[in-house]
Each structure stands twice: as C-alpha cells, then as structure tokens.
Amino acid sequence: NPAGDKPWANMGRAPTPAEIKAWDIDVRPDFKGLPKGSGSVKHGEEVWIAKCASCHGEFGESNEVFTPIVGGTTKKDIETGRVANLHVDKYFPQRTTLMKVSTVSTLWDYINRAMPWNAPKSLSVEDVYGVVAYILHLGDIVPEDFVLSDQNIAEVQKRMPNRNGMTTDHGLWLPNYAFSGKPDVKNTRCMNNCPVEGDIKSMLPENMRDAHGNLFEQQRLIGPMRGWDTTKPPRK
Amino acid sequence: KALAMGAGAAAAGKAMAAPEGEDAILKLPEHTTGLGQPVAARGYGMPSKWESNLQRRESPGLTRVSQASVSFTPLQGLFGIITPSGLHFERHHQGWWDIDPSKHRLMIHGDDGLIKRPRVFTMDELMRLPSVSRIHFLECGANTAMEWANVAVPTVQYTHGMSSCSEWTGVLLSTLLDMCGIDRKRAKYVLAEGADGSSMTRTIPIELALDDVIVAWGQNGEMLRPENGYPLRLIVPGVQAVSSVKYLRRIEVGDKPWNTKDETIHYIDLLPNGLHRQYSGIQECKSVITTPSGGQTLLDRGYYNISGLAWSGRGTIKAVDVSVDGGRTWRPARLEKPILPKAFTRFNFDWVWDGKPAILQSRAIDSTGYVQPKINQLRAVRGTRSIYHNNAIQSWLVSENGEVSNVQVY
Amino acid sequence: KALAMGAGAAAAGKAMAAPEGEDAILKLPEHTTGLGQPVAARGYGMPSKWESNLQRRESPGLTRVSQASVSFTPLQGLFGIITPSGLHFERHHQGWWDIDPSKHRLMIHGDDGLIKRPRVFTMDELMRLPSVSRIHFLECGANTAMEWANVAVPTVQYTHGMSSCSEWTGVLLSTLLDMCGIDRKRAKYVLAEGADGSSMTRTIPIELALDDVIVAWGQNGEMLRPENGYPLRLIVPGVQAVSSVKYLRRIEVGDKPWNTKDETIHYIDLLPNGLHRQYSGIQECKSVITTPSGGQTLLDRGYYNISGLAWSGRGTIKAVDVSVDGGRTWRPARLEKPILPKAFTRFNFDWVWDGKPAILQSRAIDSTGYVQPKINQLRAVRGTRSIYHNNAIQSWLVSENGEVSNVQVY
Amino acid sequence: NPAGDKPWANMGRAPTPAEIKAWDIDVRPDFKGLPKGSGSVKHGEEVWIAKCASCHGEFGESNEVFTPIVGGTTKKDIETGRVANLHVDKYFPQRTTLMKVSTVSTLWDYINRAMPWNAPKSLSVEDVYGVVAYILHLGDIVPEDFVLSDQNIAEVQKRMPNRNGMTTDHGLWLPNYAFSGKPDVKNTRCMNNCPVEGDIKSMLPENMRDAHGNLFEQQRLIGPMRGWDTTKPPRK
C-alpha cells in the first residue's frame, strides 16, 4: 500500500474538554464520573412529587406506566445484601427496581441520563441526588433526614439490599466468550427412540385464543396455511 | 376428506366448479388485457397490498407504554434469512427518532491513557473509513421470554419475533479504537452510549470490542432505518441485541464494567436461589419452525415443506434436526446457503401430514457442538423466572382440525 | 488546502468555529432530551426522510413511454450485496400490476408427450412445495447499453443501475418439471410466459431449466414486490433478467426455441457485419466502483474506501483488482463475504487521494478464470451497436476540483 | 423419508383442454400454435388505422411512442434474407422492427398477445393476420392485395428481409452454457506496467451536465461525497 499502513488513521478531530464534559455523563459503581454535590430526601420528595410521581406513583409503587420502583426489600436484606424475596420459595409476585439494583451508582446514572422519561437530562445535580435519596428512603435504606452526597454515597452502597445479588459465574458472561463460555445446559443429539415425557405440558388457554387479536389478519392470505379466525370457535 | 377452509382457501381445492375450467384461467384478468403502471411510479417501492397482514406488532399487555416497548417481526410469513428492514423488530426504551445525520457525532475517549487520541467523527468521516459488510442476526435477550413458565402467546411472531437478520455495513470498532490509540493491554471494557432520550448504555468487554463488533450505518443495502438507529448504531454479533446500541454517540474505554440500568435492573437472569446472572450476553444456539407455526391452520392433508430458522451467537449452524412426533425421532433438515457465523440459517424439511395430531419441533446444533436444549432442561438449572435467554426447542401441535397451536412438550 | 464544499459539507471540516466546541455536541438535541415515537408507529417501516435522494429513476430520453421503460437502482448510495427491494431496478414492457394472488395460476404443459402430467397450480399449492432460498443478481441485458459508443450518462445509477441482487425463495423449476413428468431426453427448451399485458415470453434451454432456475415467490424475506412480479416470477440465475419472467403464468416444454419478440427484435446483439447474435443469455463477469462514482464530488483529500460490486453469470467472483491510475497498475481489493455463485460480491479498497487527477477502475475475475475486458477489447469484436452485454471496465475520472466524472479510458 | 421419495408429486391438478387453449397462445417459427385463418392487407390497414396508427404512425414510421416498425429494408434484402443497412458501413441511423425480425411468426405471436398496447389480446384472428399482412406490405414483402393465411405464411417467411440475419455462434448462447460457452473477448490480468493508451477517449459533454436533473438531489446528503450541483458550473 503506497499510501502507508493505515492512511485513514487521522480521520476525525480531537474533542474539546467542554465537549467531553457535555457527553461524558456516565457514573460507574466506583463512582468514577459522579459529580460533586448533594441532595436531601426532602428535596428529592419535592422533585419526585412534581416530576416523577405521575408515572411511578407517590411512593414508587405504581404499576401503571412502568413496573414499581419500590417494595419487596427488608431490613434484613439491607444487612445481608441479598433480597430474600427473590428466592423462588417466596413466591413474591413482582420484582421492583430496589429488589434488583445492586449498585446505587446505577440509580444516579440512570435518573440523571434518562428521567423524567419525557424530559431526560433536565434535572440538576441536586435534583438527582435528592430523588435517589428519596427512592432509597422509600426503601428504608436511608433515613428521612438524609442528605445524599458524593461524600457519603459509598457508605450508602454498603446498605443496598441486593448488592450481593449478582453473579457472573456463568457461560454467557462475555469476557469468557473467547475463553471458556461453558454452557450450563446441555442437550444430546438423540435421533431415534429418544426419551420424552411426551404429554402436552402447557398450551394456550381457550379464553386467550383471541388475546392477540384476530390471527387471521396476522397471517398471509395465500400459501400453505391461513391464520386462525379467532372471532369464531376452533374448527371441528 | 379434504379440510375445507374459510375465506380465500376454496380456490386451493383440486375439484373445480365448472367442467370446462376455472374462471381464473378462462376469463383473462384485467392485468392480462390492459396496460399497467409506469416504472418509477414509486421511486421507493412497497409490498403488495395483499401482504398487509404481515406487520410488526406489539404483544398486548407485555409493556405499559409503547415508547418503552417492543414490536415483533412476523416470522410466520418470512422466507430465507434476510429480514425486510421494514419488518425488523423494534425495541425502544424512550422512543425512536429520525435524526439529522449531518448533525450526528460519534465521540471516542477514555481516561488514564486508555485512549491516547480521543476523537470526534462526523458521519462524513466515518463513512470514508474502511468498511465491512456482514450478515448477522439481532436477537433481544428477552426473545421467547413469555414462554419460560407456560405457553403465553399464540404465534411465532410473539414467541420468537424479537429476532431479525440483516446485512450490516460499517467500520469495525477495532479500526476506530486503534485510530484513537487504544491501550490494548490496559483497556478492559468499552461503554457504548446512544443519543436518544434513554442514552442507552451498555458495557462491552474488550475481547468482543476488538473482535467483530461493527459501528454500522448500512442495513440491507441502504442506510439504517430510523427505528433501527439511523444514522449510526453498534452491531455486537451474537450478543443480546440491547448491546447493539442505536443512535450511537459515544464510546468510552475503561477498565471496569459500568453496571448500567440495563445491566443490573434488566437483562439479568434470575435463578431459583435468588441470585441474578449478570452480563449474560451470548445468545445461545436456537431454532424455530416458522412454517407451519402457531395460530395457523393447514389447508389440507398431504405434503408440506416445514421451514424455519436457526442461529447461534457462538458461531455457525452445523445442523438442524426436525421431529414431527414430539421429539421421539429426529431427521436432519436441509440447510440453505449461505451458512454464516452469527447469522440466521434457513432450513427446510419434507413432511406429509396424514391428518392425525402431530407435534413439530426443530433442534439446532452449532459449530461448537452445542445442542439446543429442551425447556425442561433449561428450567432444571435456571427455573422459570429468568426472563432472558430462553433458547428452548419450540413445539407446535398440529390438531386433527388442521390448527397449529403453541404447546410445550418434552 | 481542504476543498470547501457547498450545502451540508461544512460540518465535515476539521476546524471548528467556536474554540469550546461544536453546537452539535454542546447543545443537546431534542432527541437526547425528549421522548420519541412509539414502537410499531409504522407497522411496516420506511427509510429515513434524510435518505429521499436515493430513488429509482428513469433516464430521460431513453424510452418513450414509462410503461415500456426502465427505472434504475441508485447503486451510488448502496452498501453490501443486498439491494433493498424498494430500490430494485424495474423493467416493464406493458406496466406493472398488483395481482390478486388467490386468483393467480401457474400452468405447466407440453405437447407430444414432453410433459406427461400437465398441471395447474395455485399459489397455495406452489408455496407448499420444497423450496430453496438463494442470493442471485438480476441484470438487464441492456445494462450499460448507453455506453457502447461514448459516455452518455453521468452516474453509476444510469451506467449500471439495471442490476440488483436479492435473496429469492421458491421452488426449483426442475422440481416442478419432474412433478409434471417431463421427458428429460426429448425436452429441449421451455417457454416462460407472464400474465401481464405483454405476456412476456422467453425461451430457456433445458440445461438451465433443469439446473438452478427458480419459480420464486419470495424476495429478501418477504413476498415479491409488485414491480418485481408479485406473486410469482421466474429467476434464471446468471442470465439477462428479461428471462426471469414476472407474473409467471405458464411454462410450456418444447423441442425448439420460440424466437419471441424479445428474442429476435430485442435482446439481440448487432455485430459490425450486420449479423445479430441471438439468444445471448449469459451476463459475463463485470464489476463497477460505486463509491466514489460519476456525478459525485469528493469532500476533501486524504483516505477513501473505494467500494464496489462484482458479479458473474458464470459462477463466483474469484478476485477484483482496482486501479487508480487508469489501468497502468492494479492491486487486489478486499472481498466481503458471502461470495456466492451468480450473486453480487462487495469489494473494498484503500485509496489516498492526493488532490491530483486520478482515474479509478475495477476489474473482476470469475471462477472460470475470465477477466473483465476493456471497452476497446469488446468493441474490437462487437463494434459499438450491439446494445446488450456491455461488461466493460468502468472508468471514473477524479478531477482536481474533486468532481468524479464518467470517462472512457483504456 | 417415511413418506416416500417425492411426496409432493401430486400437488396441483390437470388443466382442462379449454384452459390450455385459453393460455397456450404462442406461435413458433415452425408455425406450431398458429390458428387457422386469414386476413387481407386491406383489412389489416383498417385495423391499423383504427387501433395502431395513433402510436406507430400511419405507415409504421413513428418514433413517438415506440421506435419505427417499418423502414430500412430493400428488395435486395428480401432476396438475400440479410438487411444490408445493418452493416456498420451503412451508417443507417435507426433499426426498425422489420430490419431485425427474422421470423414472421414472431410478428403474429407478439401482436396477438400484446397489441394494441393498451388493449392486448383484443384482436380477432383475422385482425392479427390482417395487421401482420399490412406491416409486411409496408415493407414491400407482400403485395397490396395479399391475404395472409396459415396456408401461405410459410411462403412469406421465405421473403423476410432479415431471415438469415441471426447467429447463435457465440459464447453466450445458452445451450452452450453447460458445455463450452467460450467468451469472445479476453482480457489479461496484468498487475504492473500494463499497456494502456491512457488518454481520455470520451467524457460527458459539458452541455449534458444537467441532462439527468440536478445530481445533488440524487446523492446521499452525508458520507464521503456529495452530488454535483448541476444548477451551477463545475467547481474551480
């Protein structure tokens, strides 16, 4: 190549510090990227009522616009860092945000970048500290008079109910990709006389036949098959 | 006896009303005796009006608002391996946009010397770079999620329609990272970030980022569709599609994962013991019969060409087996070409329906030797609440009345 | 000095107006601070509004009426090997139709025992048959026709845009002919006939008919577009596209060619001695650089990824060479995968433009060892009036002002 | 395959004789498929004036809707079966239908299936014989009082001006496909110091710069290039 090895290497330009600042908004679990500042539960409650409650409910309990943010965690969980209600034996119906999130940085980062849903990136640094504090308070992770700040957030992390609830010990974790990536479930390629239980374990309940609309109108009008006309009972 | 069908199917019967022949042949239609439409009547063409049943659709009740939701590809009506871009499944977290590409920028940076020459690119500049064109599937990690516990939806559009396959064109992320002077020894992860309201962020391990990840502007020969990230998106082949960040505006190189909202609140797989598997990226080997499939009715007994799709996030498809007796016996299907890594492979299989109940299944094997599992095998390890990565063998019951239903059999 | 461009290009410059940064980054756009459109807002999606320049277009003055005319694919803006179906070139002789597929029939017959079991098929029946899905180009025999004598048109849309490439799905014609009891010994030709006003008829030799010819209903994953023959067309891979009869209604098997209007008045290649070559089917090995190409202006000096397409009616592409000095020196281009028989192959090539005039050419070599010829080599044998099968090396002149022009150089 | 070798073999149904008749309209050079009947030049002229002349001109000479049908053939051509004006030395500007068509069956078949353009398949058998006769007469192939019929058409074929004007002796003739298919033109894969004449032999004339509209509007608005703004002269 007469034009040198990588003649495209100089394409583009250096960003300015202000440009990096405008876009580099991510906050990591080690709080790299977290802006200095603080916000109280009280301030957060005000922001929440004004800008969040309409979608998420006054106490983060709403299931209307999105699944609930608060609920399902206990004082015990805060101690252990494992949300007991996630265990299959608990039969707990819904998994809330606080039951799942393992790092408080995630709440800060996400609310700062994406909330309120219809006006993302409109909150001030104080607002974000405040609503995160308010949500944590709703989960009894911080007290009512708490002021969350870049100084004390690492302490709060130690009280996150599900902070020990994650594992990367599985075959789909990407860094393992090039190395092991061992699948956890294996089938065998049996071709004949294969062992099967054989009976039908589950099928669509009769009353859900038309839950997705008239399937006749969701299938091609020619070809080997037609869609079920779900305005009528099944053919005999 | 033949299974007489409703609207539109009568013409398929072997017997004719009139002995001299069918009107469809004897009476020459207008299109045989008239003058049609001019060329370029449509500078950009659309499907036939007779095809309007094949649409992307939401699954009622799955999500609460349509801007943070999914629309499913109608796999039941598709052929081959290329998904028409207009029917590519959609997943948005804060709605889609049609962004002015002349104002779109991509920034690449990283602290602590991980990136020596941070850069900003215009689309003009990106599209000048050495590019690749590759066919890859995209599958949402939540594809087939509704079926972990029970049958919940009627058709393959809703069971498997969060997957599509396109030819993508763009520059390899590794090319960009090298231009920016990445420290290949110390860099461990990159963060990809979108320009939409959600500014979707996902952590990608450096092994992948330096392998086959594409910063793409082209999809099936033209620019990305707005719903698929116009003018720029990431394509992370073989990995759940949420990592293929749309409206890509920023790549940051770092040394630790970010644990973003969609890495610790969603796209985590709950195990029975209450632990969540995190960073479960790879879409394991999977297949599904699309013809015939749930919600359809067979017009008649006799021969059918069973057809379906297989894919693997770990490599190429080596074989697909089909069973018509609920998994007791299997025979290999014919694989159409091309067979490409991390791409859909189309399979076909001869079947004669004798009018008795039958259970149709397909089972894919990939180049690592992995064999697609049964739902009970998955459940034994992962329970029924892990939402993501359900790559179980799909069963379709053909009843005596010709109706094909979604069932679970193992 | 950088070549300052007109509308839209200023943003590509390296220098910025304000020292603190670009507004495109510093002022967050609406799509980063608002809520976008819902999923399935468009059940069938369309390209971005910013892409509306890429359209099928007629070449003014080429034909007299638009129903017997051609619209060209905008190859100058396409990527990879799949042509978006909405931009597939059109050639109609009596206009296009959107035919009711439930009333469409295919008849296969032949006298004198050449077909023992003549048959009529509905679309329902055809689509039940064993199918194949294959990627093939279609190229009109008259592609590049206007350039035999002189440069006549400005852009690659008009020089080479009568070619496109799709994934086709259908049943092999050989499967149908065997079902109908063809006499494989005595049958020599088949006639394919369309259902439109022109009832286009073309003779296909039995060697091809029993090889890889497809009776297709699928194109790029969905049904054929109306402009491309919905609901049924023939695909004769590697042969001038006029043989891939649209709206296919009838196949007759015979023992002699038919000498139809488009086999003795058109699609015949006039030699200098006044003889016409008849039944000139095969589209020989050909390539063209699509980026950069005629009618474009380079924004700046420096690196460019030269990109283009190569194909051969005789097999696969083995190599593509690129010259940037009008044919004095050549270097092999990178070929993207897949490389399939009788399909487009995408090539890419690194080039640094120093601001001086340059002449860009590509030259394809196929699996038979055939090397794409120069226009003067073709003319020496065929003259300048043979219209069809111009597969000459295409030259693009890059002038000092950055403008790329269609030129002939050899 | 438990279902037999080709279990799809019985798909479809037999066509009825009437159905085959309705669609099997092709006419071959050996006149297989030609319906019995006849039509005079005179009848053909009437049909022509009523149904064809508006597009093709009274004497088949029009270049408006389609290229001319008649012209460019001579008495000599009728003798030799080779149209002399097709030779490169003649500099004959346009190739008419009669200059190219080698078999009269083609005219019969095509007019019968496709003309009039806006009402194909509307002509009677007599009409088709008639207009073919009329066109042939315009080319002086048959006299003014001629009545073309299935009986005499083989004789007329012997007078077609370009009946000997076709060759299949080339590498693109399809039956050769599987066998030889030898290309007539060869290039070599020279990589360096390749022989070239080198100068620009042809380029678009300046006044045709905008003959295809404004090319700026036919190219993408982003990417490595823009389209020429052909409303303005070339850049300096």
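Just so it is clear, A, B, C and D label the chains in written order, and each chain counts residues from 1 on its own.
Keep in mind that, in the parts below, contacts are C-beta pairs under 8 Å (C-beta built on N, C-alpha and C of every residue); 3 or more make two chains touch, one makes a residue touch a chain.
None of these values were measured; they are calculated from a predicted model.
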{"item": "Shared interface partners, meaning chains that touch subunit B and subunit C", "value": "A, D"}
{"item": "Chain pair showing more contacts of the two, A-B and A-C", "value": "A-B"}
{"item": "Mean-CA-position distance for subunit B and subunit A (Å)", "value": "21"}
{"item": "Rounded Å distance between subunit B and subunit D, as computed from the means of their C-alpha atoms", "value": "45"}
{"item": "Subunit A and subunit D, separation of their C-alpha mean positions in angstrom", "value": "65"}
{"item": "Shared interface positions of subunit C, touching two or more other chains", "value": "8-9, 22, 25, 32-35, 50-51, 54-55, 57, 65, 67, 77, 94, 101-102, 107, 120, 122, 124-125, 128-130, 197, 199, 223, 231, 249, 299, 302-305, 331, 350"}
{"item": "Multi-chain contact sites of subunit D, meaning residues that touch two or more partners", "value": "8, 10-11, 13, 15, 19, 23, 117, 120-121, 220-224"}
{"item": "Arrangement of touching chains [line / ring / star / complete / other]", "value": "other"}
{"item": "All chain pairs that touch each other", "value": "A-B, A-C, B-C, B-D, C-D"}
{"item": "Complex contacts: residues of subunit C adjacent to subunit B", "value": "8-9, 11-12, 22, 24-25, 29, 31-52, 54-58, 65-67, 69-71, 77-88, 90-92, 94-105, 107, 120, 122, 124-125, 128-135, 167-169, 195-197, 199, 217-218, 220-227, 230-231, 247, 249, 299, 302-305, 307, 336-338, 340, 346, 348, 350"}
{"item": "Touching residues on subunit C, where the partner in the complex is subunit A", "value": "14, 16, 19-22, 25-26, 28, 32-35, 101-102, 122-124, 127-128, 223, 231, 302-303, 305, 331, 350-352"}
{"item": "Touch list for subunit A against partner subunit B, complex", "value": "6, 8-15, 19-20, 23-26, 28-30, 32, 63-67, 82-88, 95, 97, 100-103, 105-106, 109-110, 113-114, 117, 120-121, 162, 165-168, 170-175, 177-178, 181, 183-194, 196-204, 208-209, 211-213, 215-229, 234-236"}
{"item": "Residues on subunit A engaged by subunit C in the complex (per definition of touch)", "value": "1, 3-4, 7-8, 10-11, 13, 15-16, 18-19, 22-23, 117-122, 220-224"}
